[in-house]
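The structure that follows is given in the form of structure tokens.
By letter and in written order, the chains are A, B and C; residue numbering begins at 1 in each of them.
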């Protein structure tokens, strides 16, 4: 038994040495890390694919990390630490906790890594060397404005269901929710959290976990409070699909209920085409990821940092409202264009 | 009279430790054979070999005159050697009936039993009641009472009833009164008498000298891995038995 | 020999009466009578023998209470039957979970097994063109296989089920993401290519109550499992193994084989749930039911089954699932923040376990 343990231990030691050996000397492969909020949300799955594709083109070696759920900050902290230790040149991060992650990222910068925030800006935004973001508040706002414009005068009597992410209120959920209300014209009270509004048009805030099943159950509960709901804000397209199933079950899939969503993945855009979703705000995770990888490559080669969009603290990769039912005063792109630019 | 159970020259070694050293044992029909011995004398290994929990390195076991081999307590059980373990091996959350028939359930006749494999609960309950009353354990309020609601002595009763129900040839009882109080021990000793009166011989392992001397017909004294002697409790004192066990006294040659 | 019996009899006549004997009967030395009982003790004994009564009472009381608090919107036929729809999937998972918990085990991978099975059903029939019924069959086989896998790891590696299923949960879930890339198979595609997958989501209206076929199937599963657990030897052995594995082993039950079969049966039930879930959600969604594992355990615990094994009824889990659904719906309609639904759930769990512990303390 002792001999066996000795042999196994030696094998392990050898394997470990191989695994941690640096890349062949002289090849100068740039290493970088991509840390996303989760790896099950299709948005981040696509972000990872975009990053990987660009990294392969540029000869950058990318390592991937993700939290278990949106809001899992601890896993991301460990990922940053691992990244620093592994000798990477840069970190791309979509942070779950945009404030609490700052200290460990500063540590990374002190060690010579370039820190790029993706999707969600850090707080303060300057904690990252550069930010390729989408404006989740704007994404929500476009949807809210679109619905309000569509309803016209009836917006004053609308009955709105708010289908949110989860009770711990991660930033993406708060920004989209509050953006939507802002765009619709409802006082958001404290804009850093949802659920504190007192406008009687808001019938309910229910959580969906961002998936179809949650969307369905949340919509059902909202309908039980008021069967006449005619506006549904959804945190993302899977939740919207679930909500639609609930509406269909009681015969309200006749276009009398306006559903707004965010994400702009190809399945989501297709759902706009099918009439399941009224309008969705499209974001560009692939673009964010590939720009981020390019930035790290440039930093590794000549120490240059990317530039921000004019007048902004970050590089806005943009958000567009996708719908074939445009509303006046609310800029949007057609479904066809949305399909061209969609991810997933 | 031929013995029911015979162990001949059983030996068992664990590494360098000799647990059994050519041990012998005979059990005659209708008797209660007490088995006593100090800790480490090998009596528990002997009993384990007889009930199938341990396979001896050498030697043989004869049941009703025929050589038998078994490699598990279940196999021993099918041959008719039943054991009432020290921890009783009863399921506390199951009823008395369930426990009686655990592993030997009776299915309903006909379709329900053959295809749906439904149990014949009524039949099992009736038989359980009969078994218990055969042993003088009368008037169970509820045969479907959970075993955990019974006292230690009552549970012994159920365990013994189970061990004597299924065509038993030999019952081995391992420290049956060890965890019981005075009153409960009384009941168990009576039970032993009832079982004997049904014609089933019993091997009784116990540290409790008064109990052994009270119910045993013969007492097998085990020492240093083998049988030292067999004494008649009527002819010896408890203190003699203890002295033999510990080696303080030599038994007369017999 | 006679001398000994005489001696014993003499001793007995001189002894004080045995504990528990009420009456003055000299010959009744062998009665199994229980002592005097206070009303509380009587209640404790009653609950001990009929543990399912507790969740039933809680369910009825909570329905009535929420009827008052939340009014007609809660108490309508439509909403009450909607709650049944909402708990159908978790209910089926809870039925499977009950089997495992009865053996003093736990299965943290049930929801992952279910989603994996639904992915097989969906992918094969919708995306790869296989006829629907064989695809469903393969999904069922997936359920049995993943269940048996759990059982084999538990019995062969002798690891606690908690640890084994913690590992397999992650493994199965990773497989789901791998096969689907996190993308759902949409409802309309299923409707076009394999509408049979939606079967259990069809609804019927019975005088204001709207039930899905899936809800009836769920109840059927519970009834079937009840018969299995109470009327067959296999079922009794499930309890025996959970109660005292060594005693079961000594009684001739082949516990390792039984355990693998129990986990496999649970896997089959889970796979049936997978088919029903496609009808409920509409799409095959890889990210749905993420909390299904814990939800199923919650339903089982609230339903009165003890986590220590050997004790509890499968029907209790049905009531447990319904109680969770009632609270969720009632609190929502009453206008309370979502976090209070979670809070209430936490309290329910602790109360249920507390009552279970109290009931267990019955002994003479």
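One rule holds in what follows: a contact is a pair of C-beta atoms (placed from the backbone, for glycine too) under 8 Å apart; a residue touches a chain by one contact, two chains touch by 3 or more.
Everything numeric in this text was worked out from a predicted model, so none of it was measured.
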Remaining chains grouped by touching, chain C not included: A | B
{"item": "Chain nearest the overall C-alpha centroid of the shown protein atoms", "value": "C"}
{"item": "Centroid spacing, where centroids are CA-atom means, of chain A and chain C in whole angstrom", "value": "36"}
{"item": "Where chain A and chain B are represented by their mean Cα positions, the distance between them in whole Å", "value": "70"}
{"item": "Chain centre separation in whole Å, for chain C relative to chain B (CA means)", "value": "39"}
{"item": "Of all residues in chain B, those that touch chain C in their complex", "value": "73-74, 77, 85, 87-94, 98, 102-105, 107, 116-119, 136-141, 145-146, 148-151, 154, 157, 183, 186-187, 189-190, 193, 214-215, 217"}
{"item": "In the complex, chain C residues that touch chain B", "value": "1, 4-5, 7-8, 11-12, 15, 18-20, 28-34, 45, 48-49, 227, 231-234, 236-237, 239-240, 242-244, 246-248, 250-253, 310-311, 362-364"}
{"item": "Touching residues (chain side chain C, partner chain A) in the complex", "value": "73-74, 79, 82, 86, 89, 177, 181-184, 186-188, 203, 277, 280-283, 285-291, 328-329, 332-333, 335, 337-339, 342"}
{"item": "Residues of chain A touching chain C in the complex", "value": "39-42, 45, 69, 167, 195, 204-207, 209-214, 216-217, 220-221, 224-225, 238, 241-242, 245, 249, 267, 270-271, 274, 344"}
